[in-house]
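Each of the two complexes below includes subunit A, the first together with subunit B, the second together with subunit C.
Then we have the complex of A and B:
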């Protein structure tokens, strides 16, 4: 068999797999988003309504616009927060030695844990009656002792972000440790000999050299943050009110409690378009024109 | 006509033989007859059914006794358990896929209108086998009936009750509250003296705050809908919400965490000794208030009907979980045999009385709720629930009700947690809900 054909044959399994698990569902959701499909009336989509589901979302449904705002708030908070948290951990642990290696290995654990388990655990941790976080925070900050952590909009979104940071921060720190350890030590030592403070070295040497890794970490985290569902479902149920209802959670509600699969698909498709935009940025960073990753 | 001795003996012998044959036939029929209207002769022997049910002790009790059913009918049944929170999603996926499996599906009554084309109407089967809904309370009868057709038999169902710390009320010489105002006053005394209040819940998660508010609404003469129009922003409804919010924000009689609590947290709080009152489904009594890991003993906990808002009568909310036959199932006749067996009152009674393996308290048959043994095994809980069920109502039978309920839950949560004006919150919710209802 000629090489020209062999390469297609070898990539065929991957192509079929991606088609079956990504392209087909995405394409089908795209088609359904232009259709009327109310599950309470029919088990299959019925009529084409073209842009009606989209116009309903943007022009008639304040809850959708709210979910868009909540999603952007969450993405901004969790992406920036997780990267900064990861960077702080990385700066502490970017040293060579056995103790550091073990610590870095342990850091994978929060990321390896199921988000469902974490969401349930955090809900217990924050329980005002017997939650361990609540008890510790009350002891450290007595003026906050009567705060119901998931009972007000501000605190609820804050805890969603903090829970996500706890999950992602350590993983991102591993990426950043790799970046930090690749910075030539002689540059840093030369700066120290020249009298530069640690702070100056960080801003003028470390950060600029770490920027490509930071950018990739940030964009990657942004993509995942857009998809936030687990913690909303388990920690807050989208509340109080709709203050933590993200787009994924709202699409889920429209599909599985309003039985409106057409509208749910339209919301999911808007989210998919946003993700395509962010992914394009990610690829530009990962594979810059004229260069390699 | 002269009767000879020979004729007389002949007549007597003939009569005896005929009587013997008739008696033999009756005995043979009696030997063949099966309980609960099951078909004799095992016509479906060898059939294997699948049954989707939520995780709950009651269904586990059914599964544990399956051998009895298989011995009677030759039909085997495999249970597929799924957490309640994921049950609707699972049923919807079955509906979309048009699966013939599972043959039987347990669901929540207010999902029925949106799912009913997945289920087989069982009216004719019931008539043929003389199974009626009379054995259940009206709320549970309504829960399985849509557009005049019956789609399932209720296997699990809940009445709402108020649970209270009997020991604390006695300690402080307080009477069991019968109105919401009395409850607020009694709870205030307990909170001041013991530091624990009502295990109330306002979280929109699972929309359980709606059920509490609805009790106040109905007791205040309000309605959710009238003639297809949303009316849950009426003055009565706004007053009900203001009162519900005031318990937390003004009267401050709830235990800590009520704004973020859902019903589970409220009963957990009471079971942990952190709340003196809890209002909710009665099943919480068996596992979360008096479960293995709770601090309370039966003698410390009392139960009573939910308080009335105005006047002396409360109208509580009841729900049921019927089991229906999948319209795509190819084994519908065998599935009906199982449904007859699993819904029989004797099985239900044994489930509730025999406590050695699982603490099941849920019974639905009127006669079981009033049964002496059932009540003796459960501190009289079923009798109290029967009183509540007499005047219970159910959720509106609308296909879009689950989402309307979520919209309401968010409005309630917004009013208590974010300081939204109750009237404005309900007006906005009513506008959204009307759109959903009109869309259908």
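Then we have the complex of A and C:
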């Protein structure tokens, strides 16, 4: 067979599957977001209402605006938090030696743990009566012993971010350790001989060298933070009140407890657009010329 | 107070040791606690006890009515397994094509594949729910494999293309000058060399679909329920059955940990390559 035909034949199954699993549903959701479709009333979409679902979200629905704020807080907190946590772990463990490489094998475990299991477990760990996290934290910080971690809105969103950091930080650190170990030792040695402190060489040598990897880790984490659902559902249930209701969770609630498919699709679509917008800005910053990826 | 370099070194060493100990406690503590809880007798589950008479009662309980974790385990294995079996070969074919051939719109196509990863799952799951309802695919393996491919496939294409890009083309070119056909080259040269990469991609894909919660929560009811979704059924009317969650959790964890050992090796290998010279 000629390469000319073969190359298309080889990409065809993937092309069809990606179309069937992503592009078609995306279009479908796009159309539904312009319609009035309450599953509780009708099995089929009733009517085109054009932008009504979107205007309802932005103009009439404080819960939606709240979920927008929660999403931004969570994404910013968890993306920055996980990258910084990952960097700290990497700085601690990017050394040669058998002990260090054994310790590094642990880093993949939190990432391999199912987020659903992590959400359920951490909920128990934070229980003020019999949770292990609560017990340990009360012992370390007695002045916090009265706190009901998931019962106050400030702490609930904090724990949502911390839970996510626990999952992602160690994984990102594996990427960063690779970057750290590839910095030539001679450079650091030379800086030390010239009298630079560890602090100075971190800011002037290590960090600039690590920048490309850090940037990729940050972009990757931002995208995944936008998509996060499991922790909200199982750890906080969106509460207390709506203080941890992200857009993903809000769209889920509208779709599968209120059965308002049109409105849920509209919210999900706004989320998708937000994600595309943020990614576009990132890519501009990362690859200023465009197309060097 | 002035410290001699030796003293400084020793203090730093102790500090680093302490930091590593704290890190290990933070990362391993929760995992260990889940495992401990799963073998605790009911009377000790809601205490901080570290020493107790271990029991397998919790494991016995989850396999019986009304939880049937055995069936769920089978669902999880089948859905993740079929997703990998379909997704990885399809991705390999596409990745090879992207890596080796000149194609019109290649860059845009490949970027399009990556861009699908920006689509939040909640956007995809709404239409799938409506579609599956009409096609009678709700609560079936087929439906679950189909939707899991939406996460796995673009990721696998991207990963495998990266892998094939690193393999020199000279061998393939030489074989073709000697008269081998492209398909023969793919079968006898490319596939054997890509096996390690395929293996790693398969592992990642398996982890992704094994750990999926959102899709299974929405698209399964009774028959095709997977392990992560069972966890939410332990919030029962008689209260939360934490010990049963922990026992189920152990089943979710163990295969992932066994598998992730290999992933780790891949990562460390990649990380130290080029730096040890």
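Definition applied: the second predicted complex is superposed on the first by the 278 of 293 C-alpha atoms of A that agree within 3 Å, B and C clash if a C-alpha of one lies under 4 Å from a C-alpha of the other, contacts with A are read in each partner's own complex, and residues count from 1 in each chain.
The rule we apply is simple: contacts are C-beta pairs under 8 Å (C-beta built on N, C-alpha and C of every residue); 3 or more make two chains touch, one makes a residue touch a chain.
Keep in mind that what you see is a predicted model, and the values were worked out from it rather than measured.
> Using the touch definition from the top, say if A:41 reaches subunit B (first), subunit C (second), both or neither.
first
> Pick one for A:257: touches subunit B only (first), subunit C only (second), both, or neither.
Only subunit B; A:257 stays clear of subunit C.
> In the overlay, answer first, second, both or neither for which of subunit B and subunit C A:76 touches.
Touch status of A:76: no partner.
> Thinking of the overlay built on chain A, is A:129 touched by subunit B (first), by subunit C (second), by both, or by neither?
In the superposed model, A:129 contacts both subunit B and subunit C.
> Pick one for A:271: touches subunit B only (first), subunit C only (second), both, or neither.
second
> For the three-chain arrangement built by superposition, which of subunit B and subunit C touches the greater number of subunit A residues?
Counting contacted residues of subunit A, the larger count belongs to C.
> Let me check the overlay on chain A: which residues of subunit A are in contact with subunit B and also with subunit C?
Overlap of subunit B and subunit C footprints on subunit A: residues 129-130, 256, 261.
> Name, in rising order, each residue of subunit A that touches subunit C in their complex.
1, 3, 6-8, 10-11, 13-15, 17-18, 20-26, 28-29, 32, 89, 92-93, 101, 103-118, 120-122, 124-125, 129-130, 132, 135, 166, 170, 174, 177-178, 181-182, 223, 226-227, 229-230, 233-234, 248, 251-252, 255-256, 261, 264-265, 268-269, 271-272, 275-276, 279, 291, 293
> For subunit A, which residues count as touching subunit B in their complex?
Residues 38-41, 43-44, 60, 63, 126-130, 146, 148-153, 156, 236-243, 253-254, 256-261.
> Mind listing the subunit B positions that touch subunit A in their complex?
Residue list for subunit B touching subunit A: 88-89, 92, 95-96, 98, 113-115, 117-118, 202-206, 255-260, 262, 265, 269, 272, 274, 399-400, 402-403, 406, 409-411, 413-414, 416-418, 420, 432, 435-436, 439-440.
> In the complex, go through subunit C and note every residue touching subunit A.
16, 19-20, 23-24, 26-31, 33-34, 46-48, 87, 90-91, 93-94, 96-98, 100-101, 103, 107, 109, 111, 113, 115-124, 126-131, 146-147, 149-150, 153-154, 157, 181-183, 207, 210-211, 213-214, 217-218, 227-229, 231-232, 234, 240, 242, 245-246, 249, 252-253, 256-257, 259-261, 263-264, 267-268, 270-272, 274-275
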